[in-house]
Amino acid sequence: MVQAITGKVLSNELVAPDFYKLDVFVGSMAEEIKPGQFVMVKVASGLEPFLRRPISINSVNIKERNLSLIYQVIGKGTKLMTNIKRDQNLEIMGPLGQGFTWKGTDKTAVLVGGGCGIAPLVALAQELKANDKDVYVLLGAQTKDRLICEREFNKVGAKVQVATDDGSWGFHGFVTELLERLLAQVKVDQLYCCGPLPMTKIVTRIAEKNSLPCQVSLEERMGCGIGACIGCVCKTQDHHGKIDYKKVCTDGPVFDSREVVFDD
Amino acid sequence: MVQAITGKVLSNELVAPDFYKLDVFVGSMAEEIKPGQFVMVKVASGLEPFLRRPISINSVNIKERNLSLIYQVIGKGTKLMTNIKRDQNLEIMGPLGQGFTWKGTDKTAVLVGGGCGIAPLVALAQELKANDKDVYVLLGAQTKDRLICEREFNKVGAKVQVATDDGSWGFHGFVTELLERLLAQVKVDQLYCCGPLPMTKIVTRIAEKNSLPCQVSLEERMGCGIGACIGCVCKTQDHHGKIDYKKVCTDGPVFDSREVVFDD
Amino acid sequence: MTKLAVDIGGIKLKNPVMTASGTFGFGQEYAQFYDLSLLGGLVVKGTTLNPRLGNPLPRIAETPAGMLNSVGLQNPGVDYVIEKELPWLSKYDVSVIVNVSGHSLEEYGEIVERLDRAEGVDGVEINISCPNVKEGGMSFGTDPAIAEDVIKLVRGKTKLPVIAKLSPNVTDIAEIAKAVEAGGANAVSLINTVLGMAIDIKKRRPVLANIVGGLSGPAIKPIAVRMVWQVAQAVKIPVIGMGGIVSVEDALEFFLAGASAIAVGAGNFHNPRAAVEIVQGLEKWLQEEKIEDIRDIIGALEL
Amino acid sequence: MTKLAVDIGGIKLKNPVMTASGTFGFGQEYAQFYDLSLLGGLVVKGTTLNPRLGNPLPRIAETPAGMLNSVGLQNPGVDYVIEKELPWLSKYDVSVIVNVSGHSLEEYGEIVERLDRAEGVDGVEINISCPNVKEGGMSFGTDPAIAEDVIKLVRGKTKLPVIAKLSPNVTDIAEIAKAVEAGGANAVSLINTVLGMAIDIKKRRPVLANIVGGLSGPAIKPIAVRMVWQVAQAVKIPVIGMGGIVSVEDALEFFLAGASAIAVGAGNFHNPRAAVEIVQGLEKWLQEEKIEDIRDIIGALEL
């Protein structure tokens, strides 16, 4: 069940240039979280900023009843988030949206992440490994020091490959090239993708070409975060090609890539 | 000269229920301050609240280049001020307005203060004592524990009398009664008054009755604090009875009580 | 016990706190956070005759102490609303008002006729003020004669109380209020959003795909309070006030200005419990102030 | 070197940053903080024929991300302004524009005639939009025919460039803009404040003694940007944009929307160095973006 609670901040630390990790005690909310879900965070008290910010759940510690978020400093709201202090109260609403799913018959999964989109894939990799899947993780970042979570993926036993734009770590080039190479070598059952829109589009195309199911996590500007304002929709089509606008916050953020219509 | 600077907070502490003392390092601004002047404080970063808050200068430490403010928690802005932390930057503009004045020939001065209006009288008492005046200070508060600055007045050698609404300290009654009694006993050259409007009106009436010059410090809602918006005026009249609106921020906040027209 | 009940042109609200159209879905979403029966009324999303997809993306932009939206009436159409959405709401003890938008006079009439026959509708709110649809929408609400015509027409099509929702994007809102009163409206609600625009300076494009959108939230509260005050002076029918309400203090400004009920809109996004906290805060405030009936403060502004 | 100069209907500004009438006194106050010659232009307080006392107190109320004022044109009258205020300003290298308010057509004409003969005036801004005076004021700016008449009249009384300052409290601001253009205005400036109201719930009275006042500050920025965009499409004369500008990012929204210059109003209260920081920020931004001339971004919004 979705809860609107006041959590307690455990820590809020820089983990890479412009990336922070925020750990929050959230009580029973921690028990209900599925990988790929997100929360809406009130980043500062008072009227400014007015709207809450959607941030994916990076990982959950059910025993300690806390969750981790990793956020990138982009604008006003995420900048203010860097001021959040240990022991402070934090208004947080969640868990929200439809997370990633997997089938019992899936053997091998590939997770493709870029930028701050890498964060929610950690929880997914943990779950997939707990479900005995073979997990490949392909990560893209601008530079080595702006790559997040590599260690966490290694820790859960995923097979991690990295691509950086400047070649400072791993493959010199795009993560989508890593994906194409991997698909040429390994039999894959399910693709997952979370990252910048251009990356998501290419991964979607690769999935199509290889006739692979692919789940993509999308972002859109949100009012309510719970399906009430219809502000956050994305264009979709069903098998019959019928166009619809589905809500990223409640029908997503994770969609079957075949369902999404990417306008250019 | 008025400066708009970024000061450094030295401390911000509760000194009585709902009253805080804020010490700020302000550099060269400290050298130019006269008793009765005020500053405009940006109480929080960002757009909310939008306007700065006018707060009188309670006292100055020229050597250390810092000043003290005492503020009472009233609404949004002063509530936010309680969050101000040591070592934090504080945007502050000042010194502003016309302070209290005295004549070389004045021998005896009486300072009447009530509530948070007591704060600026400390700097005045210090100056008057430094100028060898005989200084009486009459302070009004609701209760003993809500009385501020009594010790500071004692320290500079002023003769302090207190009135509380509930009789929990000093005289049980209004500070204006103390004033009437004092004037019956002592020859006084100049009255000064800073406090709630009803008190200021009564003190003004007592001054008139006794044909004593009286300087009153007024409050009004401010936009700019420097005379540019004409938002903070008070009604005045000159010797000929000509009505004018003068600016509390630049013509005041201290006015000759005979000049002020108190509407009821 | 303090009395919180008000009568809005025939709609009996057990308390004067409602939620504003377009910000509260069809109620289900916020039922996750509190019992909807705690509210006085609930206005569902703007409903049109046929299903609508609404405007392109992005539809939301944040602005200082507020937000812009250009959702543009995405909704499943009136028949779906009647069949699928309203029955679910009927289990709650809350007045349900359906917000109605049309392209044409006929369409307004048709929707209201269908709602008149439906179960679970306590009133209709006629949106003659939506800034987010090209044809019709706001233009119905900026001309007093057309506004009067729309209301007169729908008034003839239903026994339900009719609320006219007014646009703030006019020179003289009192004039429009008088026109809809003359047209037979049982109440007016105001304000709808203020037409606004935000620009992404990096992309050099409007933030909203629709270029302009409707401004709501605390930023517009002073405009809303002023208009509620002006309208409350001008008409005899009850006024529902909204625009930037997030707290009980905000709500009280509207009651004093003359609103008989208030609605929380974008405030629900800021704090999903805002509306119910206002109900509770109102009860507490009235007790503290020893006011027995909320109606004693409606329009009680001293000048 | 980037080029910042713009020409506003004959007024040459060395950079497109001005300060808005009523928020900057006659300049002296802010000269304490920086050299006024750093600004492009400076619009002095609304000036009337005779001295005026303005409205009763309080005149200022803070609102979410903004403020209300009901100063109501307190000013020493046009002759005093010409004799005592303007000479002081003449030592600065900044364009000086006098904001003019009248009770009647004749009064507007008379003031402008006197300013035409005065030294140190680079242009007049005709305030047909002040919400804070009972007679005249805003009503001149809400009717296109009257707006056109006022401008036509003053246009005939002076060789100085005439700027018409528009009210946002209208249904269709583009219509008014076209009317003043037809009347001969050399430029338009917008927006003036939005009529608003705040209530002190403890006292159950309006915060402002005048009951209503003008809303300004970041809260109204989306409304102002939208109106500047609408007006820039509708007229050929230059547009001066204002409403809620506190930063260079805000200013850029207005340039992209079509403003040829911008003015900082209430932002001066929020940050006394706001206007000069925007000049500096603009220079820096243009350099970073490798834009040589500010005019390349005016109206450069992509749709």
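Going in written order, the chains are labelled A, B, C and D, and every chain counts its residues from 1.
Assume a contact is a pair of C-beta atoms (placed from the backbone, for glycine too) under 8 Å apart; a residue touches a chain by one contact, two chains touch by 3 or more.
Remember, it's a predicted structure, so these values are computed and weren't measured experimentally.
K.L.:
Please state which pair of chains has more C-beta contact pairs than any other pair.
P.N.:
By contact count, the leading interface is C-D.
K.L.:
Give, as an integer number of Å, the spacing between the C-alpha centres of chain B and chain A.
P.N.:
Comparing mean C-alpha positions, chain B is 56 Å from chain A.
K.L.:
When the C-alpha atoms of chain C and chain D are each averaged to a single point, how far apart are the two points in Å?
P.N.:
34
K.L.:
Provide the C-alpha centroid distance between chain A and chain C, rounded to the nearest whole angstrom.
P.N.:
Whole-Å distance between the two chain centres: 36.
K.L.:
Give, as an integer number of Å, the spacing between the C-alpha centres of chain C and chain B.
P.N.:
47
K.L.:
Send over the residues of chain C in touch with two or more other chains.
P.N.:
In chain C, 61, 63-66, 217-218 touch at least two other chains.
K.L.:
Can you list the residues of chain A that touch 2 or more other chains?
P.N.:
Residue numbers touching two or more other chains: 47-48.
K.L.:
Does the chain-touch network form a line, ring, star, complete graph or other?
P.N.:
The chain contacts form a complete graph, every chain touching every other.
K.L.:
Which of the residues in chain A end up touching chain B in this complex?
P.N.:
For this pair, the touching residues of chain A are 44, 46-48, 80.
K.L.:
Chain C touches which residues of chain A in the complex?
P.N.:
Where chain A meets chain C, its residues are 1-2, 4, 42, 47-52, 76-77, 91, 93, 220-235, 243-245, 250.
K.L.:
List the residues on chain C that touch chain D in their complex, please.
P.N.:
Against chain D, chain C makes touches at 61, 63-66, 68, 142, 169-171, 194-199, 201, 203-206, 211-212, 215, 217-223, 225-226, 229, 244, 249, 252-253, 256-257, 297, 300-303.
K.L.:
What residues on chain D touch chain A, complex-wise?
P.N.:
64-65
K.L.:
For chain D, which residues count as touching chain B in their complex?
P.N.:
22-25, 28-30, 32-33, 45, 53-54, 57-67, 69, 71, 74-75, 217-218, 246, 266, 268-273
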